[in-house]
C-alpha cells in the first residue's frame, strides 16, 4: 500500500521533471540574444562563431539539441557554464549547500513560530489574544519575503545594526571547511564561533523567508486545532485531568497537524523559490543569487542546470511530505 | 442574494481602508503629471540626497527628499505608481483569464482535459516563480509587455487550481444536474450556472494577484530587468535605496512603505470583497 | 457521610440569555446509580458536562454549587479542580467511535491518566488495565492494547472506554448515553457490563439516558428532566409504579413496552407539554441568578 503509493508518486515526479526540462529548454531556445556572440570579442570571425556554436552544440536542430542535453543531464553532465567556464554541476553543487542551509533554518524558524502562535491562539480561543494573532498573521501573510527582507535591512542593518545584512560569513575569517555545508560543519567541528558568525549572517534572510510561512502555519494549524479541540476524545482527556496545554500537545496537535502538513509542503517550496530574491537582497552566496547572475549573463547551460535542480528539490519535497503524511496517518499505514 | 442585505452589511473597515489607499494611489498615478511637484527624471547633482521635509537641510518642493542623482523622490513614487498599476491590472487580468478558462475546463469536463491541465499545473508548480519570471523577462527582453507576459505566464496556475476545485464541486451540485436534465448544453451550463458561483473566489484572487504582480514587477526592477531604466519604478527606486541605505535611508523607506501598503491593501480588499459577496461565508 | 456528588440549585445560560439549566438539585450517594432521563435538549448531558468541568465555552454557569465528596468544585482553583475531577471521576462517553484518539494506540490512551495524573508506575498501570480488560471480557488484551482505534469495532471500543473509566477506581462515573450509538444487540451486552462492573467496584454512576427501558434496568433512583428543570425525582421502582408528575406519566406512556412489542410509539401528550411550558415560563419571570 505504502510502496505502491510511493511508486505512483515517483512516476508522476519523473513526468513532472521531464516537463520542466522541456519547458526550460523551449523558453531558453526562443531567446533572441545569441550567447555565443556575447562571449567573443567584437570583430570575431564567422568561423570562430561557428566553431564555438559547434562546441556548445548550438548548430544542431532544436529537438536534437534537447535530447543531446537531456542525455548529458541523465549522465550527470549539465554542460559548461558560458560565463564562468566551469562545469555546471560543480557550480551548482558548490552553491546548493548554502541555499539548503538557509532554507532549512528558515523552515525550522517558521515551524517554531507558527506552531507556537497556533497553540497559543487555540489555547486562548474566543479571546482578544486570538483576535490579535489572527490580525498579525493575516498581515504577515500578505507581505512577501522580498518586502520583509527590505524591512529587516532597514531595522537591523541601519536603525539597530546588530546583524549582518550582507554575505554568508565574515570575509576576514579563516574557514577550515572542506564541504560547502558551513553551518553543519562548524557544528561538527565544534567551532561555535564560526556557527555564530554564520547564524548572524543567516538570521535576517532566514527571518524574511520564514515570516510568511510562519503566518500560514499559525492560521491553518490554529483552525484545525480548534476543530479537533471540540472532539469527544479531547473532552475525555480533559475529564482525565489533563490541562489545556497538555490536551493540545498530547491529543490534538498530531491530528490537527496532518491537514496542515500537506499545505506546509507546498508552502516550503515557495519558501525555497523565495531564496532566489532574498539571497540577492542580502548578497548571500547561494544558488538563487547565482541564478540571477546567470540570467543577466545569459548563461544558458547554468540557468538550465539551476532551474532543474530547483525543480528536483521541489518535487522531492512534495514526495517527502506525501510520504510523511502517509506515515503519520495510522489509517493509511495499516489500512 | 438581495441587494438590501448587501447594503445593510455596509463596508467593513478593512474594505474602506484598503479601498481608500488603492483609490488614492490610483488617482495619483493617473494624474501624475498634474500632481507630481517635480519632473521625476530631472537630475540635479546640487540637490543629491536631500532629506524629507521635516529634517534639517530639506528644500521646499522636495517633500520626501531626493535620491543620489538629486531626483525628487515623491515625484518618482507617483510616476512609479503608473507602471505598478498598469502591470497590476494587465498582468492579473491576463493570468486570471488564462487560469480561469483552463480551470473551468479542467474542473467541469474532467477526464482527459483535467488530466492534461493538472499535469501542466504540476510542472509549473515545480518552477521557482521569481526565477522563472526573471528568466522570461531576460528571454523576452526588458519592457512593459514582457513584464506583463512574464507575470501572467508564471501565475495563471493560481487561478487554475482554485477555479478547477470550485468548478469540480459546483459541477456535482444538484442545480447543475437539474439544468442538464432541463436540456441545457454543457458549455451553456458551465457559463450560466458554474461561472457566476465561482465569481467571488475569482474576484478575491484577482485582487490578491494584483498585489503579487506589483511585487513581481518591483523584484524585476530591483534586479534591473523590468522596463527601460529611465522610467521610475518602485522596484527601481528600492534598488537605489538599498545601495545608499547608509547615506539616505528615505530613498528606501518611502518606496518600501508604499509597496507594503499597496500589497496589503490589494490582499485585504480581495478578502473583504470575498467575505461580502460569498453567500456561504457569514 | 457526604454524598458522592451533590448539585445544589445549578443554573446555566447561553450567551443569548436562554436558560439551559434551571436550579437543578440532586445528590448521588456512594455506590448508587442515578439515572438522568429526559428528551433530547432537556439538559441532561449538560449536567454531566458541568460536573466534569467540560461545558462548551458558550454555556455559562450563573448559580449553584457542585460538590464531589463534599468538596466544592467552585472553591477550587482550576488546576486543583482538574486534578480532583481526574482522580475521582470518569466519563463513559456517548460515541465510542469519536471518543478515542485516532492517532494513538489503545494502550497509552488507557494508561495515561493512571501514570500521568495519578502518578502510578508504568507496570502497575499496565497490569491494572489488563485486569480491567479481562473484566469487560476482552480476551486478547495484547492485540487490543497495540491496536489503533479504527482497528476495533464499536462495541470493542466501548468496552475499552468502560475499562478505562473504571481503571482508576473513581468514586463517580458519568455515563453519557453510553449505549445510544451502538447496535441493539451490543447495547444489551454493554449495559450488562456496566451494571456488573458497577456492582463489583461499588462506583456511583450518574447515568444520562433518554431511554426509560435502560433506566428501569440499571438505576436505583431517577431524576426526570424537562427543559433544564428536574420535574420529578424518585426511586426507580416507585417512579414506574406511581409516577407523580404528568410529564413523567406521559413519558412512560410514550415508551414502548418489551411485553407489548406491537404497541405503537406515542408522542408525549401535547397538553402536558403546554402545561409544562407555561409553568416554566412563569418560573423564569421571577428568576434572578443568586450570584454571578
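Letters are used for the chains, namely A, B and C, taken in the order the chains are written, and counting of residues starts over at 1 for each.
Following the convention adopted for this analysis, a residue touches a chain if its C-beta (ideal position, glycine included) is under 8 Å from a C-beta of that chain, and two chains touch if they have at least 3 such contacts.
Since the model is a prediction, treat every value here as computed from it, not as a measurement.
Q: Mind listing the touching groups among the other chains when subunit C isn't counted?
A: one piece
Q: Chain with the smallest distance from its CA centroid to the overall CA centroid?
A: Per-chain C-alpha centroids ranked by distance to the global centroid put A first.
Q: Measuring centre to centre, with centres taken as mean CA positions, what chain is farthest from subunit C?
A: Chain B.
Q: I'd like the Å distance between the centres of subunit A and subunit C, where a centre is the mean of that chain's Cα atoms.
A: Taking the mean C-alpha position of each chain, the two centres sit 52 Å apart.
Q: How many angstrom between the C-alpha centroids of subunit C and subunit B?
A: That gives a centre separation of 57 Å.
Q: Roughly how far is subunit A from subunit B, centre to centre by C-alpha average, rounded to an integer in Å?
A: Chain centroid spacing, subunit A to subunit B, equals 24 Å.
Q: Show me the residue ranges of subunit B that touch subunit A in the complex, using the header's touch definition.
A: Touch list, subunit B to subunit A: 119-120, 122-123, 125-132, 134-136, 138-139, 141, 211-212, 215, 218-219, 222-225, 238, 242, 245-246, 249, 252-253, 256, 259-260, 263-264, 267-268, 271.
Q: List the residues on subunit A that touch subunit B in their complex, please.
A: Against subunit B, the touching part of subunit A is residues 12, 15-17, 19-20, 23, 27-28, 30-32, 138-139, 141-144, 146-147, 150-151, 153-154, 157-158, 266, 269-270, 272-274, 276-277, 280-281, 288, 291-292, 295-296, 298, 303, 306-307, 310-311, 314-315.
Q: Okay, in this complex, where on subunit A does subunit C touch?
A: 125-126, 231-233, 235-243, 246, 250-251, 254-255, 258, 328-331, 334
Q: Mind pulling up the subunit C residues that touch subunit A in the complex?
A: Residues in contact with subunit A: 52-54, 57, 79, 82-83, 85-87, 89-91, 93-95, 98-104, 112-113, 116-117, 148, 150-151, 161.
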